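This is the structure I have questions about; it appears just below.
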Amino acid sequence: MYHHIKELMYTVKIGTPDVRFGRMLLEQFGGANGELAAAMQYTIQGWNCVDDIARRDLLLDIGTEELSHLEVVGALIRMHLKPLKTDAAAAEADPLVTIAGGGGVALLNSQGNPWTADYLKVTGELDVDLRSNIAAEARAKIVYERLIDHTDDPGTIDTLQFLMTREITHMRAFSAALESMEKPPFSIGRLAPTPVLVDQYFDGSTGDGNEGDQNMRGPWMTSNGLHVVESQMAGGKGLSVNKVRGVAGAEERGKQDSAQRTTTAPELEELVGVADSKV
Amino acid sequence: MYHHIKELMYTVKIGTPDVRFGRMLLEQFGGANGELAAAMQYTIQGWNCVDDIARRDLLLDIGTEELSHLEVVGALIRMHLKPLKTDAAAAEADPLVTIAGGGGVALLNSQGNPWTADYLKVTGELDVDLRSNIAAEARAKIVYERLIDHTDDPGTIDTLQFLMTREITHMRAFSAALESMEKPPFSIGRLAPTPVLVDQYFDGSTGDGNEGDQNMRGPWMTSNGLHVVESQMAGGKGLSVNKVRGVAGAEERGKQDSAQRTTTAPELEELVGVADSKV
Amino acid sequence: MYHHIKELMYTVKIGTPDVRFGRMLLEQFGGANGELAAAMQYTIQGWNCVDDIARRDLLLDIGTEELSHLEVVGALIRMHLKPLKTDAAAAEADPLVTIAGGGGVALLNSQGNPWTADYLKVTGELDVDLRSNIAAEARAKIVYERLIDHTDDPGTIDTLQFLMTREITHMRAFSAALESMEKPPFSIGRLAPTPVLVDQYFDGSTGDGNEGDQNMRGPWMTSNGLHVVESQMAGGKGLSVNKVRGVAGAEERGKQDSAQRTTTAPELEELVGVADSKV
Amino acid sequence: MYHHIKELMYTVKIGTPDVRFGRMLLEQFGGANGELAAAMQYTIQGWNCVDDIARRDLLLDIGTEELSHLEVVGALIRMHLKPLKTDAAAAEADPLVTIAGGGGVALLNSQGNPWTADYLKVTGELDVDLRSNIAAEARAKIVYERLIDHTDDPGTIDTLQFLMTREITHMRAFSAALESMEKPPFSIGRLAPTPVLVDQYFDGSTGDGNEGDQNMRGPWMTSNGLHVVESQMAGGKGLSVNKVRGVAGAEERGKQDSAQRTTTAPELEELVGVADSKV
Amino acid sequence: MYHHIKELMYTVKIGTPDVRFGRMLLEQFGGANGELAAAMQYTIQGWNCVDDIARRDLLLDIGTEELSHLEVVGALIRMHLKPLKTDAAAAEADPLVTIAGGGGVALLNSQGNPWTADYLKVTGELDVDLRSNIAAEARAKIVYERLIDHTDDPGTIDTLQFLMTREITHMRAFSAALESMEKPPFSIGRLAPTPVLVDQYFDGSTGDGNEGDQNMRGPWMTSNGLHVVESQMAGGKGLSVNKVRGVAGAEERGKQDSAQRTTTAPELEELVGVADSKV
Amino acid sequence: MYHHIKELMYTVKIGTPDVRFGRMLLEQFGGANGELAAAMQYTIQGWNCVDDIARRDLLLDIGTEELSHLEVVGALIRMHLKPLKTDAAAAEADPLVTIAGGGGVALLNSQGNPWTADYLKVTGELDVDLRSNIAAEARAKIVYERLIDHTDDPGTIDTLQFLMTREITHMRAFSAALESMEKPPFSIGRLAPTPVLVDQYFDGSTGDGNEGDQNMRGPWMTSNGLHVVESQMAGGKGLSVNKVRGVAGAEERGKQDSAQRTTTAPELEELVGVADSKV
C-alpha cells in the first residue's frame, strides 16, 4: 500500500526557467533510463521476488524512493517549462507538450516518445535482475551528469546532484545484495556452460579500418579463462562447435536457494528446475 | 564491411518439429534479450567507441558473433515452424506468423510484438555500456536455460546449449574489459556524488505484509559504506537533503582517458566535460 | 514523497490458481485501462494542476490509491500465474511471461503488449481532465465486471469486487469535482463555438444497411439545441460553413479561474489566454 | 460503403504559409486526440453497436464527419508545409516530414510519432463509449483552441474555428444520447458496487507540500454519497475492506436493453451476462 | 468530403461462427497489410499528390474503396467473433478482444498488436508511391488467399474472394498508372546513379551452407546491365568505390513533370530540385 | 555465419561537421526505409526462402551488402554529430542523441523514433517479397537524393551518391529475379480472381474539388483489362458483387514451383496449398 505526502523528497528551487533545458530533463521523467523506468523495474522485480523476502524489501525500498524522485524531477521540469504558456516560440519548439499537454510534464522522453514498458528489464531471476539494476543505475548516473553539464542554474544543479548521488547509493546497495548471495562470478541459473567452448574468444572482426583501428588484443581475450580462436574466414580454425553434447551439468548456486520466502512462494521442490529435468 | 558465408556457426539438426516451441524460440530472435538486440547493442556501441579502439574491437567481435547466432536461432525456429504450412490448428494458434508471414521466421518476440530499438541500452560511456552488456548476457543466458527446460529434442538442446554457452563467454570478456579499465567500483563518469547523502540507505518500504514479508535488514544496508536512514513517514529523520551544495568534485577515472583512439575521435580537450565546466 | 507499507490495501486470497485467468487479469495491470494507467493519469494531472490546489489534492489522493490497487491486482495475478513454473503447457501458452519474465507479473496487457504512455489522457485543462477521468473509471469498471464473469473463485471475485467498487467511488468524486466548478455543461476552454453552425447535427450516414439498420432518428438530433442538417450527398443543404468569421467570443468560465493556486503557479495575467489574444 | 466527393467540407484558404504552425497542426491529423482518432473511435464503436441501431447511426454520422475533418485539417497542413520543398532550414527542422515524406502530410503527431490505435477507447459498452466520446470531444476542443492561440492568419483561424465548433456539436449529441438512455448517473454495466465501501473517499495524499499546497477538502469528499476515510498511514482507520462478500447485486440498467437491434445482434438471452451468472 | 451509406459493398453472410478464424481475420482489419493500412496509404498519398490531379483521383478512388472494404471485413469479423460473448473458453483465448473490447472488432492485428502508421509507405514521389502500392496489393492478395485456405464456410469464402479479387483490380490500375508515366524502368527521382558502380552485382554471401545451399548464379547477376563482382573477403576485387565523384547527372523523367496540377501546388520552378542544385 | 572487417565499404571523408544534417541522416540509419530495414528485410526473406536456393542467395548477397551500408552511413552520421559533444546549442536541439546516447549514432529515425520491425515487409511468397523489395529500393533511392539536396559538403555527397547508386543496382537485380520467374504480370499466389468483377474500376471519388481537381479519367481505367464502373452514390450501377461464387480457379504459376530447394524445405506435396484445397 502506498501513501503520498505533499512535501517533495528534495525541495526544488530554480532561477530563470529554461524551456529547452526542461525538455532535456524529460529524458529522466519519461525516458528509457528515467525515474519511472527505475521505479517500475525495481518495484515489479520486488513484487515477483517471493523466494527471498529480504532482497524483496531492498527492491521495494529503492523502487519507492524512485517514485519520489519521479515527483522531484517532474517538479523541476514543470518549473522550467513554465514559459511555454506565454512564450509562443518556445511553445512551437515543442508542440506536443504545449498544444496537447497544456505545457505540463508528461510521460515522454526528450524527443517526445511515449514511455513504454519495453524499457524495463525484469527476468524474475534475482541475481540477473540485480545485474540489470546495477547497469540501470550506472546509466541514470551518466544521464544526470550530462544534464548538469547543460545548465548553470544553481538550484537546478543542486536538485540534479541530489538525484545523481542517490543513483550511486542504489548502485552500491544492489552490488552488495548481489555479492552477499555468494555466487561464483559467472554462474547464472542452473545449467553450466559447455567446457572448452566457453573458453574460446572468437575474433569475428578483423583487418585495418578507415578510422585508424585495426585488429586489437586485450586482456578480455586472456582473462577469466579465455583464449583467442580465429575465425575460419580469417584463416583460423573457428569455434569447437562439435563439442556440444546436451547439457553440461549444474551450476554452483551460492546462497541462492536458502533465503526466507513469502507465504505465497512456490514450494522448494517446485523450483528444482532445468538442471534436474535434463540430467 | 560484412561478409556472409552460408555455413551456419552451429549446424542445426532437430527431430520432430514442435510449433509451440518454435514460437517460444522467437523470444531469442526478435525479443528484448534476443540475438538481434545483442548484435545491435554491441555493434552500435562499438561504432561509437572511437576513444578506445581496443575495446571497440571487442564490441565488434562479439556484435558480429551475435549476428551469426541470430542466423542459427532463426534456422532452429524455421525448422520447428515447418508444420505451420500443413497443420491448420497450429497455424491458427499463431496467425501472424502463418497468415502474414507465410510460416517463416520474423522479427517478433514470443507474443508477436515487433522488435524495437527501445530494447537497446547504449550510452556512449564505455564502462557503463560494459555493465549494460554484462547484464544483457546474464539475461540471455537465463532465457536460453528456460527454453532448454521446455524441450526434450536432443538436437534442439545441443543448439541452445551452444548459444547459452557463448553468452557466458561474452559475459567473461565484457567483465574483463571492465576490470582492465581499473576504475574504482562505483565511479561513473566525471562528477562525484555528494558525501554523507551518498551513504544513506533510505528505508522507503516498511511494515508487515500479507505475504509473510516484513521490514527486513541485510548487508546491502551496511556494506559499501552505507547505513540505514528511516523515512519520516515511519518516524525517522529522512535523508540529509540539506547537504547538497552544487557539484561535489571530480570522480576517479582509472585508465578511462588513456586508451588509443581512432583518427576520427574528438581531441582530448574536447572531452574534458562536466567536471571541468562546473568547477 | 511516497512511502510503501507492505500490507496490501486488500488481502488477496485465492483457491486454485488459473493461469488463463491470470493472463486475462494482466489487462488491469499493464493494459490500456488498468491500474498503472489510472495511477499515472491522475498523478501527472495532479502534479500539473498548479492552479487549483484543492482539486490537485483530489487527483493525488486517487492517483495514489490506484498505485495501491496496482499492487493488489499484481498480487492476484502472481498467485494465478504460479503454475507457470511447473506446468509446461501453461507456460507455452504464454511464453513471454514464462520464458522472458520467469512467470512473474509484468507491465503487459492481456495479449503481451507493453504498457505505453499513449494510453494516458492528460491535457492540463482541469475540467477536460476530469471528463477523461470519469470516462476512464467507467471503462475500468466494465473491465473488472467482465473479469468477474470469467471466474468462479470466491477469493478472486472478492478482490475484483473490491477494485471494481473503488472505480465507482472515484467516478463519483471526479463527477462532484467537475460539478463544483459550476461551468455551463458544454463550455470548454475560453473560446465560444460559432453560433448556428454549432446547432447543426450533420446526417453523414444514410440508407438501409445489410444488418437491418436504416437511417435512424433520436433525441441526440434535437436535444441540447441541435437540429438535423442533411448531407449534400443525400440531397440536403449541408452545413452552414459560410458562417465562420474568425473566433466567436469568449466562453463562460464558471469558477474555473478562482481557485487557490500553488506558489509555483503562473500569475493570473499570464493565463488570460486565447480569447483575449484574439479579440 | 463510403463515397468521397472532392469538395472539402470547409474551404481552406490561408495567407502566408507557416511551417512551424503546420507542424503543430499535425497533432490534429495524426495525434492522440486528432481527427483520425475520432473517426476511428466512433466508427468502430458504431460497427460494434449492434444492440442499439439508433445510437449506432449516431456513431456513424459523427464518425463519418470526422473523416471529412481529417481531410480538411490535412489540406490546411499541406498548405502550411508548402515551403518545406524550397526552404532548407525549415526542412531541417522537421526532417521526417521533408526527407522521408517529401513535405506532405503524414499520420504523425506534432513530434513525429506515428499514429497508433492505442489512442482509441472502445469498450463495446454503449454508455461507457459515449462517456469516452464526450471526453474525447472536450480534449479535441481544447487542442483546437490552443492552436488558434498560435496563429494570426485569418483563413487558418476560420478553418480551426469551424473544426472546433463541430467538436462542441458532437459533445452535445453524445451527451444527449447518453442522457436519453435514462441510466442512473453512476450505474455502469450489470454489477452493483459493494455498499459502504463505495461511499468511502480515501485520503491517500496528506501533509504540506513545497509548492504551497496542503491537505485540502472539497465537495468531492462529501457529494454523491461520499465521506472521508483517513489512511492508516496518516493515523486513520482505512478503508472498510473486510466488508466485501462476493458480488453485491445487479445494477439499474435504465433503457439500455430495450433498443432496436440489428439482424446480426445476439439474442437477448445471450446477453444476460455477469449479474445472472454470479447470483 | 465523405458520405457513408449503410449498405455494405459486399453483403456478408456466414454459416457457423468460428472465433479462431475471426481472430485470424483481424490481420486484414488492423494488420500491417490490412484494409485500413491500404485506405490510409492511398488516401494520404492522394491528398499529397497536388502535382498530378489525374493520378490523385486514382489514389482517392481506390483509397475510398478500401474504406468500404474495411467495413466489409469488420462485419465478417464481428460475425465470427459473436460467440465470444457466450463462450468462456473462446474468450480466454483472446482476452484483449473480449475483456477490453467487449467482443467487438478492434484496430488490432491477429496477435493483438495495435495498428500503427509505421505500416504505411508514403514518400510523396508519385512513381515511387505507385511501386509501394503495387507491392502492397500483392501482399494483401496473398494474405486473403491464405485466409481462404483456413475456412470452409461458403459465405466467408465468397466475401474473401470478393476482397481478394479487388486487390488484383487495384494492382492492375496502379501498374497502368505507373506505365503511363512513361519513365525508363530504373529511373527514380532526378539524380542518376554513378556509372560503372551501378552495374556491379556484389557477391556478399558465399560458401556452402548447412541447408544444402551453395553460392548460386542467376540472371539477376547478368540482366539489366549487371555483372558480378566478387567480395574482397572471398578473394575478389570488390566494388569500384573509387569511381564516385559527386553527383553523376540528371535522370530521365518521362512525363513526370507535365501533369495537370492543383491550384495549391507549388509552381514548377520550385520543383526543379536536386539535380539542378548540384550541377 | 558473418565476418566483419574493419575497412568500410566506402571510405567516408567529410569537411565541416553539420549536426543538423547528421540528424537528418539518421533517417537512413534507423528510419523506415533505412539500411537496417533493408538489411533485415532481405536477410530474413532469404533465410525463409528455402524453396528457391538461387534467389535465396540473391537475398543474402544484398542483405549482407546493406549491413555494410549501415556501417557506412553510421560512420557518416557520427562524423557530422561530433560537435554535439562540445556545442551546447546543438546538443539541446537533439537531447535524445546527446543526453541519452552520448552523441553517438543510434537506431532512431530523424525524429528520434526507435527503429521497429513494423517497417519490414516479409510475406514468405517470393515474387511478392521481390515486389516489396523493388519498392523499398525506390524509396531508399529517393530519400538519399533528398539528403544530397541538403548538403554542399563534397565528401558527404560522394558517400551518399555511392549509397544511392547501389539502391539502383539492387532494384535492377530484384527486378531481374522477378522477371526470370516468368509469371504472368498480375498472377499472385494460387487462387485466380473472380472474372468480370476483377475488370471493374470503381469510381469512388467524384465531384469538383476546392483545389481545382475534378473527376478525372486516365489509362488506369481502361488498361490491363479494366473499365469504369460508377458508384451507386454517384448514380451508377456499382460493382457486380452478386457474381462471386466461391473461388474462381487456379493461378498461372510460371516457374515458381520448379526451383532448387534446400534440404530443410517441405516436400512439394506439402505445398500444393489453397487452390487444391478449394477445388
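Order of writing sets the chain letters: A, B, C, D, E and F. Residues in each chain are counted from 1.
What we mean here is this: a contact is a pair of C-beta atoms (placed from the backbone, for glycine too) under 8 Å apart; a residue touches a chain by one contact, two chains touch by 3 or more.
Values in this document were obtained by computation on a predicted structure and should not be read as measured data.
Colleague: Listed by label, which chains are in contact with chain C and with chain F?
Modeller: Looking at chain F and chain C together, the chains touching each of them are A, B, D, E.
Colleague: If I list every residue number at the interface of chain C and chain D, are over half of them used by both copies, so same, or under half, so different?
Modeller: same
Colleague: Could you say what rotation angle superposes chain D on its sequence twin chain F, using C-alpha positions and rounding to the nearest 5°?
Modeller: 120
Colleague: Find the chain most remote from chain B, comparing centres computed as mean CA coordinates.
Modeller: D
Colleague: Would you kindly say which chain has the C-alpha centre located farthest from the C-alpha centre of chain C?
Modeller: Centroid comparison gives F as the farthest chain from chain C.
Colleague: Taking the mean of the CA coordinates per chain, how far is chain B from chain F in Å?
Modeller: So the centre of chain B lies 30 Å away from the centre of chain F.
Colleague: Just curious, how far off is chain D from chain B if you go by their C-alpha centres, in Å?
Modeller: 38
Colleague: Using mean C-alpha positions as chain centres, tell me how far chain B is from chain C in Å, no decimals.
Modeller: 35
Colleague: Among the residues of chain B, pick out those that touch two or more other chains and give their numbers.
Modeller: Correct list: 1-9, 11, 32-33, 50, 57, 60, 63-64, 68, 75, 100, 102, 108, 111-114, 116, 118, 123, 125, 142-143, 146, 204-205, 209, 211, 213-215, 232-233, 264.
Colleague: Sort out which chains touch which and give me every pair.
Modeller: A-B, A-C, A-D, A-F, B-C, B-E, B-F, C-D, C-E, D-E, D-F, E-F
Colleague: Which chain A residues qualify as touching chain B in the complex?
Modeller: These residues of chain A touch chain B: 3, 5, 9-11, 32-33, 50, 53-58, 60-65, 68, 116, 118-119, 121, 123, 125, 127-128, 131-132, 134-135, 138-139, 141-143, 145-146, 148-149, 154, 157-159, 161-162, 164-169, 171-177, 179-180, 185-186, 188-191, 193-194, 197-205, 209, 211-221, 223-226, 232-233, 239, 241, 244-248, 261-264, 273-274, 277-278.
Colleague: For the complex, which residues does chain C have touching chain B?
Modeller: 1-8, 11-12, 75, 88, 91-92, 94-96, 98-100, 102, 108, 111-114
Colleague: Spell out the residues on chain C that touch chain A in their complex, using ranges where they run on.
Modeller: So the residues of chain C touching chain A come out as 1-9, 30, 36, 40, 44, 47-48, 50, 57, 60, 63-64, 67-68, 71, 74-75, 78-79, 82, 85-86, 100-108, 114-118, 120, 122-125, 264, 266, 270-271.
Colleague: Note which residues of chain E are touching chain B in the complex, please.
Modeller: Spelled out, the residues of chain E in touch with chain B are 20-21, 23-24, 27, 31-33, 109-113, 142-143, 146-147, 150, 204-211, 213-215, 231-234.
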